[in-house]
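I'd like to ask you about the structure that follows.
Note that the chains take the letters A, B and C in the order they are written out, and that residue 1 is the start of every chain.
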Amino acid sequence: MRAIEVSGLTKVFEVREKSPGLAGSVRAIVSPSVREVQAVNGISFQVDEGEMLAFIGPNGAGKSTTIKMLTGILYPTQGRATVLGVTPWEDRQRLAGRIGCVFGQRSQLWYHLPPCDTFELLAHVYDIPKPVYCDRLNMLVDRFELGEFMRTPVRKLSLGQRMRCEIAASLLHGPRVLFLDEPTIGLDVVAKRAIRELIRQMNREEGVTVFLTSHDVGDMEELCRRVMIISHGELILDTSVSALRRDYLRFKIVRVRLADAIDRFEMRGVTVAKHKQTNLKLSVDTDVASIDDVLTELMRHARIADITIADPPTEQVIADIYGRGASEALGGR
Amino acid sequence: MTAKYFHVARVSMRARTAYLADFLLGSVFYALILYVFVQLWSVLGRTRGFAVEGFGPRELVWYLMASEAIMLGRARFEQETDEEVKTGAIAYYLNKPYRYVLFKLASYWGETALKMALNIAIGATVALLAVGPIRVNAAHLLAALACAAMALTLNFLISMALSLSAFWVEDTAPFFWIYGKLLFVLGGLFAPMEVYPDALARVARATPLNYVLYAPARLFVQFDMDFFMSALMMQAVWIAALSLLVMALYSMGVKRLNVNGG
Amino acid sequence: MGGAAWEAGFVWEHFKFNLASAMEYKWSFVSQVVFMVLNDFLLLFFWWLIFGKVQDIGGWTFADVIAMHAVLAAAYGLSVSVFGNVNRLARIIAEGQLDYYLLLPRNPLLHALVSRSDISGLGDAAFGLAALCLFTPVTWGRLALFIAVSVAACTVYTCFAVITGSIAFFIGNAQTISLQLLGALITFGGYPDSIFKGLVRAVLYSVVPVGFVVYLPVSLLRNFSAARFSGLLAFTVAMVWAARCLFAVGLRRYESGNLVSAKI
């Protein structure tokens, strides 16, 4: 059974343009000049039930527009889609009871009230029978460790606590598909790890299909087995995360500060991107040299004062994919 | 010395014109109210028992045109001042080469003059089309305008005194709400004192509110030299008294600011 | 109809929730309500002046004018306290805040309307009831009729607001024009319709339907007629239908957040 099926989905926005000033406003009313913007351009894909899928791409690539069409917020200009067998924009209300959504930048919690009040209200909104609601709430409170701040007004919660509440709130009605738009945005490392663990757990135990968009390559690598990359409204890659890692994510950025300055650093599979006395920025090809080897080699030269290891930013990954021949990548499906 | 205050007024006027479109839309309300009263007074004028000495339906419409022009034309600065007091920003004015209250007065007048001019243009058009002209001569018009200028200055001082109370009270908004309602009842916003029962009119005349709306609007519609002289004198008295009050409130408030460290 | 009861329960739950939310700030709650009651009573001052001189205005007595203000205040007060977003719909649509409601398994229009409550509306409604009882002859029957016409008037006003707000789907920024139309309705609703004639009167029963929010309800309170009462109900149902349809049509053109300006 497919959870999501999409074919030829397209969204075109009309943008009204107006020259500045009062005269421009008047002209815009009399004869508006309209420009068309292609936000999503005929994308097609399928998602199996229980799958965890990452949907990534730079700002303005059409991620949000796609999610908004799949959840019924926007009507598409063209194309078809079904989520759990339902066409979202035609049967939005029925679908809404079976999916959950978290928009990292838009809260569904009531700012001045404690989370328990929002949960209570959502139980009414989703028409969850009282005993079912109580069981479900207890389970979520337990699992997400919400107990200590269930009665604290949301405005006083930390971002991590808030996000845990947001996700719990979206799971209250036992959705079959969970749409997560930037769920870890702005969180620190510990909070990110906690959120990812919870998502993984819900997927494992309840078989929830997870459709995740993120800037953070970490979210994708730790959660998903499959990844789709969208750019300029078109799907440019649909592959497994391991293949992506093998082909495009094998580079890591290593920044080190050494206790003593060294003249030069050379190693196979390592490119020195920047070198200023004790500070080094290295790009490591993990196929050729493991991070372990690089650190051992570094320590032979000098003592290490500080170190960070990071993934290249999404934008760079996508630039890479383009660089390696978009034609080959497009054959993904 | 006064040149810089003129400059402040001009800048404030120019700042207003940036929102001209918004302001013009806002005056739809003014035109609507005038229209409604044109109908109301004309029906009442034909009703038995509704005879007001010296005021026919036409005069009543022109009266409202003038009183609403002032009511809606006065610049609203209270929120700004309230905030400046609350945040202590008012302290920054202390070391500037001008006086806070005079600075505010100048900027108030810049905005008010513009809004009044537009209101008079719109109101006069509506009234002319609806009920036709009333008899006025240039000298009387000038006298009424002088009285309106005094009235708007008086309104500034009352508003400023209420705003400065922010040094002591939590929220000044209720004061302005009450002031607005008092202008409606005792100021004679909708109808001149001639329509009021005698006892109430006497009470109203004893308050400064009467000199903010009723006096100039009545002089505009029905000039009377005695009334003009007495109104002007009362306005001068109230302006002097309220100026003293505002100065006292300001210096007391600023002292408080210094004690509390802003 | 099970659906209607279901939606009524939903509205009631939200109203209780908003009320509880507002009570968190007790002083602000009480002062908003009390100030609004005072405010509305003061509006009667002008009419007290006029009726000190005349018996009626084109057939309207002082009691009729009070009933008019009572219905207007009750209808408006009910609308903004139960459907608190009623006057902001244009902005909610233009700014893409509808997303939240579209993601929940409820009627998004109703949900958006009830998600907020303007507490001062309770003061308006209280004034309406008090003014009617204090200044006009009151019986149980009249009271029931007052409540019935006020609910109908509230529905008509709310639907009118939905229709003017839905303009935002088609032209984008419609908040100003929507507020002007709503303001015109409220302004006209404060004066007897006997002073308006001809074209304007026609407008007041169509484009700006203040006739059905105020004038017709008052005429029913003055002397009841089953025919006019059914007329009011029929118009109310028609308005509900029109508002729902226009909103549904508009939704197809909904563009969500600042998507176009910021994210594309």
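The rule is simple: a contact is a pair of C-beta atoms (placed from the backbone, for glycine too) under 8 Å apart; a residue touches a chain by one contact, two chains touch by 3 or more.
Please read all numbers here as calculations on a predicted model, not as lab measurements.
Engineer: By Cα centroids, which chain is closest to the centre of the whole protein?
Structural biologist: Centroid comparison flags C as closest.
Engineer: Mind naming the chain pair that shares the most C-beta pairs in contact?
Structural biologist: A-C
Engineer: With chain centres defined as C-alpha means, what is the inter-centre distance between chain A and chain C in Å?
Structural biologist: 42
Engineer: Go ahead and note the Å separation of the Cα centroids belonging to chain B and chain C.
Structural biologist: 32
Engineer: Between chain A and chain B, what is the gap in Å from one C-alpha centre to the other?
Structural biologist: Taking the average C-alpha coordinate of chain A and of chain B, the gap between them is 57 Å.
Engineer: In their complex, what parts of chain C are in touch with chain B?
Structural biologist: 31, 35, 39, 42, 45-46, 49-50, 52-58, 176, 180, 183-184, 187-188, 191, 194-197
Engineer: Under the definition above, what is the set of chain B residues touching chain C in their complex?
Structural biologist: For this pair, the touching residues of chain B are 22, 25, 28-29, 32-33, 36, 39-40, 42-44, 47-50, 174, 177, 181, 184-185, 190-191, 195-197.
Engineer: Provide the residue numbers of chain C that touch chain A in the complex, in ascending order.
Structural biologist: Residues 10, 13-14, 17, 20-21, 24, 98-100, 102-107, 111, 172, 251-257, 259-260, 263-264.
Engineer: What residues on chain A touch chain C, complex-wise?
Structural biologist: Those in contact with chain C are residues 13, 15-16, 37, 39, 59-60, 62, 64-65, 68, 71-75, 92-97, 101, 103, 106, 108, 110, 112-113, 117, 121, 124-127.
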